[in-house]
Amino acid sequence: MQEMMKKRAMELLADGTVTRVIGWRRGEFSYDISPAVFEDAAQIERDFVWDAFCGANVSKYLIRESAKGRVLAFLKPCDAFSMNQLLAEHRVKRENVYLIGIPCAGKADIDRIKARGIDGVTGIEEDGEAFVVHTIYGDERVGRADVLAERCLVCKSKRHPVYDELLGEEGEDLPDDARFAGVEKLEAMTAEERFAFWRGELSKCIRCNACRNVCPACTCENCVFDNPDSGISQKAAADPFEENMYHIIRAFHVAGRCTDCGECSRVCPEHIPLHLLNRKFIKDIDELYGTYRAGEDDETKNPLTSFTEGDAEPAVVRKRGRA
Amino acid sequence: MQKLGVFVCHCGTNIAATVDVKAVAEALGREPSVVVSTDYPYMCSESGQNLIKDAIREHSLDGVVICSCSPRMHENTFRKAAAQAGLNPYMVEIANIREQCSWIHKDREEATEKAIVLGRAAIAKVLLNTPLTAGESPVTKRALVIGGGIAGIQTALDIAEAGFPVDIVEKEPTIGGKMAQLDKTFPTLDCAACILTPKMVDCAQNENIRILSFSEVEEVTGFVGNFTAKIRRKARYVDETKCTGCGLCTEKCPVKKVPNEFNLGMDNRRAVYIPFAQAVPKVARIDPDWCNMLKNGKCGLCSKVCTVGAIDYKQTDTVLEEHYGAIVAATGYEPIKVDRYGEYAYAQSKDVITSLEFERLTNAAGPTSGTLLRPSDGRHPHTIVFIQCVGSRCTPEMGKTYCSKICCMYTAKHAMLTREKYPDTDVYVFYIDVRTPGKNFDEFYRRAAEEYGVHYIKGAVGKVMPRADGTLDVQASDLIMNEQLHINADLVVLAAAIEPSKTARRLATMLTASMDTNDFFTEAHPKLRPVESPTAGIFLSGVCQGPKDIPETVSQASACAAKVIGLLSKNKLTGNPCVAHSDEWMCNGCSNCASVCPYGAITYLDKDFRMPDRSTKTRRVASVNPAVCQGCGACTVACPSGAMDLYGFSNSQIMAEVDAICK
Amino acid sequence: MQVNETGAFVPTVVAFCCNWCSYAGADLSGTNRLQYPSNIKIIRVPCSCRVNPMFILRAFQRGADGVILCGCHPGDCHYTTGNYYTRRRMTLLFSMLDYLGIERERTRVEWVSAAEGQKFAETMKSFAAEIAALGPNRRLEDLRCRK
Amino acid sequence: MNNDWKDRIVRMSGAAVQKCMRCGKCSATCPNYGEMEYHPHQFVYMVERGDTERLMASPSIFECLTCFACVERCPRGVEPAKVIEAVRLEVIRQKGANHLKPDDLPAAADEDLPGQALVTALRKFAK
Amino acid sequence: MLFLKSADLERFLAAASETRTVYVPVDVEPKKSAYRKWTPGTAVSKGLKTTRSAKDFFFPQTEDLVGFRIENKKIQILDPRGEEEDFAVFGVRACDARSFGILDKVFLSEPVDTYYENRRAHGLILTMTCRRPAETCFCTAFGIDPASPGGDVAFTETADGWYVEAVTERGRDFLAPLGDLFEDRDGSGAEAAKEETRAIMKRLPLADLQTDAFGGGKTKEFFDRPEWASLSEACIGCGTCTFVCPTCQCYDIRDYDTGHGVKRFRCWDSCMYSDFTKMAGGNPRLTQKERFRQRFMHKLVYFPENNGGEFGCVGCGRCLASCPIHMNIVKVMKTLSEGQDES
């Protein structure tokens, strides 16, 4: 696949369809891959990489890149949903992007590899359904399924809702049953347990803003938390309340727009399961207002900017299961 | 540092009895920024207002907080006062320490403490107020009256008299409404048609009035002074401009068994018909549900007899779009369906009728040409029982909770007229209360009882049972005599409750005018603004606002016209400056705001921005039309970046109030 | 945390009321002299849809123990559709607060028309009592703002 | 005026006597009106006034057939039949016969007793 | 030489806790640790590094500086500081230990930051050698020896316990009353362990990382290098690298109105943020490229220029592990050095 992608990228650069290519650049230790913009065939030949560690969602870069000129982007299904949502919100100039859908078999999570006690990594190779991890302390072999990122274990779709061309086989939507298991587990707890859980998680937050800055739905010119005139700007959570405030408002602002790409959880240096906040909104929206998938198309109205006369009353929250 | 003035009103004892106004003024005077804080018995009085004006001038105040009654009451008064003293009127905030404090608390200390907190919240807000200037919009000098009953007719005539063009939209083929169906009118016993039809003709002849009969309003957009309405002109299959109302077609039409709605189905009309002799416009209409030509293309008689070629079987609905400065709702009422009260046997017996049916039975143009005959056998009834409060004054489950107001009087009229015309008739009226406030009303009722010998019995009817001999057994109670009665009646007349027209609810939604739980339109103020809806530019005429009789309807209709004329005589309207606005530097053009705007006030522009690095960037940004925006604020919450904010109720102002209240 | 002379907890309650229905309903309950606790303070907003989740969190941050939002009955919004958006927004917000373990009783939405002075007073009484029974807000407060 | 008594009747019956606007439709509709000394609307009125003794002494209370016609027809939702039922109960209680227990039933029951009477008795005494 | 057996660690921490609060690294999830206050039974992490650095103890993310109370139009100024208590941080690696020296250069030079100074005065640093360095480690590039971690007391880890050495006077004072917790062993075991660590360091992928190209006086050489554009291209402008960094010391001062007063506090800031260096007249760093460049120029050029050649990086590798897009100082150093060879 990587070679096919490189070939197509070079062709499209050569025939002038695009002037730049968004992809992924190799790193120091195999796993530390950075998203990158390539401008010529030589760079692509030397640095372009596509493997199990290319987890970063590149859709958000297209806001900036599409304003500069014609650009090619390779999109995983996740990225394509995000892309479509950005198109719906007029954030990306469709005519300036050439989108190639690429299949995704799930991305590996280096932290899950390291959590198995593997460190001193010098290189990683894919070997069928396993990875061989070379380290200075010796080689280790881990099963692919054991180290896939959480978001990939509950992948929502292998389909690309938007693309100009596809490389490889187009996939299908996958059943949602497992995706909300984490949310359901929390819902089944008592309020006290939930409070303790979230306090434990959110108190780890260092307000590095990685979750926000990586999020393809967080595309505000100036975030309310950075805007001193908003009345709620924060540079750091000076009180646990501010940790709650930031994460509630952030989740609320992307509610109905979040495509559940899972980047927030991936980038969190403190491993806070931020996707559980976004997925709660997705689950509530699905249950209360009918299944809705942001980025599915650019016509269906965002559930937070639409309504029906018979919508549930807010009191529905009080009536739910156990407290 | 801003300089604020605080003015605490006693409202006589309304506030001062429960709130220690001096303590409030003193406590608020200690707040930073407050340079003057004082109290006064009536702030809204002229001397009270002068006190405020003097303080504004003397201390060069930047803002004013008035602790008084609800801002819904005197906000405008104080804003005007501030403006007169040279302060922007939007630099005034009201702390509601009457309705929301002194009147609901008994404990003086508690109420005083709360008043101080409310005052602090107002201070916190006013510190963030910005001077606002209202925009202006032109006024379309044309009014739309929806409903062509006596209310709509009177309103339209009055507006037209003042020189403004008016359109009357009437859903039926003729104007006239319910009053056209009445026989006589209380308490003077004028013939309804005699006093109504001249007004109908006036409408037709007034060059400022256009009657859009057999039409319905489909869509209303815009705002006060600038409404646009789409009006569906339903196909009547007769060219209105050609028909002379000669009636030839209605005589020749072979379809004769169409229930005549004007006579409430008690006789028949043809498939092509003119509703009644004095109809305006006097134009025939073909009923497509009955016309053979329209149903299966066979017949065409009417077309053949029409001398002016007015019949047009191919006519279709058309939609007219027109601009208006003001809209009047005059949608009137309907009697409720009485079949749900099984005990009165309305559905079983033809001789149990409603009062409106009784009107038609006694009317010279009615099915019996004015002779009172039983619908079942056409015989003269000798015993008539009138039952009051059918469906009125009930629990919501049983009927209408309100008094329908007109039944006592029209029943007295019916009873009296019956006794006068047919002295051999026994007339009983079963009542719970007889309510006759109104000029010459009680005298009228007493005449019925005293001079005409109508039997008024306090008590309700429990059951009406048709008997084998064709009479009706009326089982009732006489509460004065404390006995149960059985009356063998020939005719039973039910004073059915009246309810707003079914079309009113849809119209209210279109007009964004509010309604009460009974579907009567809500007035802007029950006492002081009774003919205006809370939605600017929407006015209320007649029973659509609440039950009323003809004299009351006509006076309200004229009052309504006066309000409309007042509006239309202005060339420009000053808008509400508390509208949304978007910070273009923060807006990312996502369209969330536009998708929640009920007025379509938000559009998007591709705009060039000079960036700090001196490059130019084209960005898609939202732009609010302040004349269209009504200031609800839905967009401000839909906007994730906070680019959208609302003047007068900005994020920071509301949060400042929250802070002040919670601290 | 406020305590009355008998030592009972007196909660701070913020009520956001739309100008057209609920604020007028509150005025009507005043006109009718219907009492409700003085620890409820009303903030007037043009429409319930003006209430940003930020405001609700802000109230809790600053020491509110309960927040209630009142608007026109669905279908009766002065601005036609505002309260429909409110309904969705608040349902999702309240659900999220519940999910974070914040007591679900601390927030409420009620539809109160301009004619429902009685309902306004009753609603406020019951909400204040509910919050008093729940005790002070500890899970969503900002310690810096504690009195 | 006996307010305790009134409150008890209102509580037992759940009926809203104060909502009565004296239209008399209950009495107008009553099939057993002729047998009664006091009629349904008077029951409601007397309860509202706390007029205890005369009402409780009257055989009228046992003339009510509990057909619920008055409940069905009342435009104000007053439910006169329930008021009458409560007064009956009060009379029975005052007679000290308020102690029927399930254990007493087998002895009290005879073959001719309709099943519904048993159910009614239990319902009555359970209040 | 003093030796603390593995089994006696609990006793040691208990004894240390009698005179001060002791913070130890604790596993919060597999192979992920954070400092927590030690209480009896707390299991000390065997992991290499905490996610956040130990600088938090001396330079916390938020810190109240001064308070104001406003009453009746009068303003009262309040010092929020209470009596600082003694504390100790256990398990500090050589890289973090070195970082305190770097922070000292910033905060303890005139004008002295008394908040920081106060914490330093009360904080005891108990360091530990690294037995199993990770691929992201490159402290040796900055002349740090993970086998001699410094601090007040250094612990050299072996299979069955730790050799314990006081490095400073304060360390000696701390150890003096705890004598009976230790065995006395000769130092050969310690030396062997240290050599083992040093040997591993040489095998790490970043062992050859060179710093020669960088240092004071090189501003002109690097400032306009074209590589900054592509290096910063993927940067999302978050503050992760700065917040996990043991040497980043930038902060912002903000006021918070509590409703009954104002708290003036400082909190970490990040040069990666778009509002960093924003002033009334605008922001001199217009794009992420300038912000990105600032961070690395500061660590590799400006800091050594102002501090006698000492780099502003200790090679702990936290940013390598945490950066959402895996851009980091190593890639920057390598790219810029490569470019230099070509030019």
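The letters A, B, C, D and E name the chains in turn, as written, and every chain counts its residues from 1.
Here, contacts are C-beta pairs under 8 Å (C-beta built on N, C-alpha and C of every residue); 3 or more make two chains touch, one makes a residue touch a chain.
Computed from a predicted structure; not experimentally measured.
Shared contact partners of chain A and chain E, listed by label: B, C.
The minimum number of touch steps linking chain A to chain C comes to 1. Set side by side, the interfaces B-C and B-D show unequal numbers of C-beta pairs in contact, with more at B-C. Closest to the middle of the protein, by Cα centroid, lies chain C. Per-chain Cα centroids separate chain B from chain C by 31 Å.
For the pair chain B and chain D, the distance between mean C-alpha positions equals 45 Å.
Centre-to-centre separation between chain B and chain E, using Cα means, comes to 72 Å. Taking the mean of the C-alpha atoms as each chain's centre, chain A and chain B sit 53 Å apart. In chain E, the positions touching at least two other chains are 256, 259-260, 263. Each of residues 596, 638, 651, 655, 659, 662-663 in chain B touches at least two other chains.
Pairwise, the chains that make contact are A-B, A-C, A-E, B-C, B-D, B-E, C-E.
Within the complex formed with chain E, the chain B residues making contact are 30-32, 611-613, 659-660, 662-663.
Within the complex, the chain D residues that touch chain B are 19, 21-30, 33-34, 39, 41-42, 69, 73-77. Partner chain A is touched in their complex by these residues of chain C: 53-54, 57-58, 60-61, 74-75, 81, 84-85, 87-105, 107-109, 139-144.
Contacts from chain A toward chain C in the complex involve residues 183, 186-187, 191-199, 224, 231-232, 238-242, 244-245, 248-249, 251-252, 255, 277, 280-281, 284-285, 288-289, 303-305, 307, 309, 311-318, 320, 323.
On the chain C side of its complex with chain B, the touching residues are 12, 14, 19-21, 23-24, 26-31, 33-36, 38, 41-47, 49-55, 58-59, 62-64, 72, 75-82, 85, 89, 113-115, 121, 145, 147.
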